[in-house]
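Sharing a structure here in structure tokens format.
Think of it as A, B, C and D in the order they're written, each chain with its own count starting at 1.
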């Protein structure tokens, strides 16, 4: 392993700690920039979905992965963002403003939700967020004068000045660009006081509190930030799909975001991106399996749900650190070969961390 | 007078629906108390139970009660197997892991049901000895299906009460729920007990699935009713068996009344609004004992 | 096909997809000298896969029949099916794949309003035809666009037509509505409101439920309290039965009307006595084996031989979608382009297929094949036609 | 000068009287130890002081100010830091970031500055890190600096928790059984650190301890607690030879 020499406190705060990493990220950035030149439109479309879902995933990751607050209602934030964007667009608000407002609106709803959930933990919180999502969905359905109810809203393409995002590659640059921006904000947050307060709450609420962290306040902050990020993703989603209805933001959509963070790797920014790639590519992957093993399309119905569920179970059983955790292990294995010790990553059990005694 | 009859009628159908929520919630609570696992697959277990009942009764033509019993036994085995294979390795893991894994199990169950020839995505009915008729009381009418559900819930509650109160096994299960470590030290075989609790929980799921079959029919998505049972369990205080029953009944009745007296849309969110209100006042539900963490 | 060669195909497909320009570059994508590739997006694993799976079967049978009969003007028809699980994101991605990797010539019979609304622009932007989506919404034919065709009488139309007939012929006056609170249900509600408004009426009671609901007691109690004599149900199968059984248990017996969405044999099978007398608007007679015409019987047999189960209305829908699209292609002649296909479809006038579906006509100004429906009723456990085709 | 005073502290849980009418005063700069058999109410006393539990009766006076009703998260800001009996570290973070959380009560930039990581935010970060490095040097934690806490040996974690409390620059530190789980060598190290904390940093120490050799070595005064009540307060030798104290330990 490589232990860098540190000469200044700035070293610890730096965005990229090792020169080698910088090279790799530089190459990745180049590859992404040039992608529309060598990838087909279909793959560019997939990548722009990866961008959207990674942003939503970062919102969920902040809440679930970094603060330890399980949310089964993330889709509600996406819905709020999407509807805010669609409605503001109808009133002719410019995209830059409406995108920000979509995030602000969703963040505000998150803060309001925290009023009733601040004292909750664990499964109670999960179910309370579920309830929140149901209520949001119902309000969107019933508030017909604003949302057009179940009939949905047609969303036009994004227009900035005279520039229209009418082609795949344009939207791709927008969503990847926003993803990079959001990643930068997240990194900043996590290397600051607030970010540390959030991870502290995840590991031990009681000692976080004794160190001066006001739990209710930080739970409100994290729900607001998570809501805002997911809301921004929702706004992009609305433009990407161009037609939104309340039933696109159901419990299934929330579960999908939860799967994204868990499969990607809890508590890591890479994890959110890995998870987004996974969620977007999985259907194609299933089609490959189907074709390769000559499974009749009659069984495809079961296959899809089955693969999805099986992966969730297997990841939890065998790789709770998610794809990113697996990637790190492979990297460490190569770095330390042949001295790799399995025990380095042995998972810890937490019998004392009983829910009932929180 | 007409208003009073309508009101009573609503209460009755609310109670019947509430009983369904209550049994599903009971299944959640049994498992949660024992192992702190919230089983998001409970609804799908219910669906699987109903499909088994359908196969035994309708496809194989068994007598209703024999088919019902057989379905319960099969589901109990499946429940124990799930615990043994999937959930035991997860003991002590954080909440999200449990949430994800049980949601995953739910998906797998759905996938299996869809892929089995003769089950699939169609909707089926189960004929019961009691279906079709109604019982009238003054101006009130209760369908036999609803009566059966209420009766079965009562019976189940009594049986479970006697079991936990008076049998060795039941007492051992209670001990396990209260303190696994202590139970282990006094010689309770904690692991087998946990499997047995899963078995009971899965069997109650099958029971409720078959009770529901004449009303909502048997189909892949029937497990979604589990989402309504969550508020029931939470309102009751997730760790309390009587709480689950009371929570279920409250939700059922509130829903029925909201559907009749309040504007459109309130029926569907009544359960969730009520739950958020309860949680804001009592963060651990109505019946939970408050235990502070020791530091 | 052998496993290895399949694997090779997958690899080759991936390679082609990554390298635009390598694939055969014809003037019109999806049309080669000996093949026409069309695509469809179905829900095979989502909440409405009880529609998607039989539709898929019906479509595959139609493709088989067409190719066995020599194809279309010397070209074989190939259908690429993508599952979108009723998820708009998956639908958009799957549509992208069909359009850019599989290079389909036309999108035919995609399912779902939301999913089709999200994918239709992608198809039309490329100048490709979007044919016959399976949805009750009118937006897929109206406003008129050159390459956009639909043939379903929208549920909106069938409800208005049935309601008009029932009010005129049976004298119902107090109309109640119970609808599913999604876009399908909203269409039904709108139809009732608009039809009643023509005679200055309003629904006496309007109530709704959430998709997947199982308990309808408070809704039915409301309708009963408002004393409706005809209840229009914006429901599919289970909810139809559930609502009527609840009413029966309460000792209340109004008349019930549903849209095409609940018009299926399974409604009668599940509901038994409870659904006796239920009215429905319909486009296609149900293919009961004992009353079917010899052609339909032969069709039922070949379906059973291929899929091992009885066909249902959904399968018929899948079949006639492909059959009708193929007819348009045949009319277009050997020089097949989106424009000639549109012209070919527009030549179809008053076409009656073997299933007795409402006759289809397209013209240069109207791309909605039929707005006609007939009224059916459940009598003794099966659907019986009460009227001929009509329109409000 | 009296830094901290508990006056007639009282707390019941259900029927159990965990702390009954306990009064004591801690002088600035002293090391004050609470001893007592298991279940004597020592940890409850700490939890009352750090406001995790509400007082049933009595009052807490710190630096002349009544703090009986302030919110739990504000306690550390006043200058009272604590450790926990069973170690409550942030297991999934590094030693460095655990210690940095200790700086939380010392303030920081506005959220938007953190998100954009403005120069002000960077300055604040560097200032906090300088303080933390001082503590790392003091407690010899350099080699574990970037290690994940969850993977460290118990003894090291105990020191990290002490360090985390110190980074908040307390005037009074509450140590809940600093030596529990440590081997004799580590216990000895711990005793030196406790003395260093007082002599080098001028921090007043209020601790709960079982190890009588440690108690004897570092304490200025000792309070013996049994069944939630004060048995005696006095010099270490005095208390340890008090027959009531001995009986409480033997009799349980």
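Assorted remarks:
Here, contacts are C-beta pairs under 8 Å (C-beta built on N, C-alpha and C of every residue); 3 or more make two chains touch, one makes a residue touch a chain.
Please read these numbers as outputs of a predicted model, since none were measured by experiment.
Summarising the inter-chain contacts, the pair of chains with the most C-beta pairs in contact is A-B. The innermost chain, defined by the distance from its C-alpha mean to the mean of all protein C-alpha atoms, is A.
A separation of 37 Å divides the Cα centre of chain B from that of chain C.
Centre to centre, using the average C-alpha position, chain B and chain D are separated by 47 Å. Here the spacing of chain A and chain B, counted between their Cα centres, is 32 Å.
Looking at chain A, one finds that residues 138, 141, 206, 301-305 touch two or more other chains. Shown for chain B are the residues that touch two or more other chains, namely 114, 120-121, 264-265, 268, 292, 294-295. Among the residues of chain D, those in touch with two or more other chains are 52, 84, 86, 88. In the complex of the two chains, the chain B residues touching chain C come out as 6, 9-10, 13-14, 17, 114, 120-125, 132, 134, 136, 141, 143, 212, 215-217, 219, 221-222, 224-225, 255-260, 264-265, 267-268.
Those residues of chain C lying in contact with chain B across their complex are 45, 47, 49-50, 53, 181, 206-210, 212-215, 217-219, 221-222, 225, 237-238, 241-242, 245, 249-251, 266, 269-270, 272-273. Chain A makes touch with chain B in their complex at residues 64, 68, 70, 72, 115-117, 119-120, 122-124, 126-128, 130-132, 134-135, 138, 141-142, 206, 251, 255, 258-259, 262, 266, 299, 301-313, 315-317, 320, 349-351, 353-358.
On the chain A side of its complex with chain D, the touching residues are 9-10, 12-13, 185, 188-189, 191-197, 199-200, 202-204, 206-215, 221, 267, 348, 352.
In the complex of the two chains, the chain D residues touching chain A come out as 50, 52, 71-77, 81-82, 84, 86, 88-93, 96-97, 100-105, 108-109, 111, 114-117, 121-122, 124-126, 128-130, 133, 150, 164, 168.
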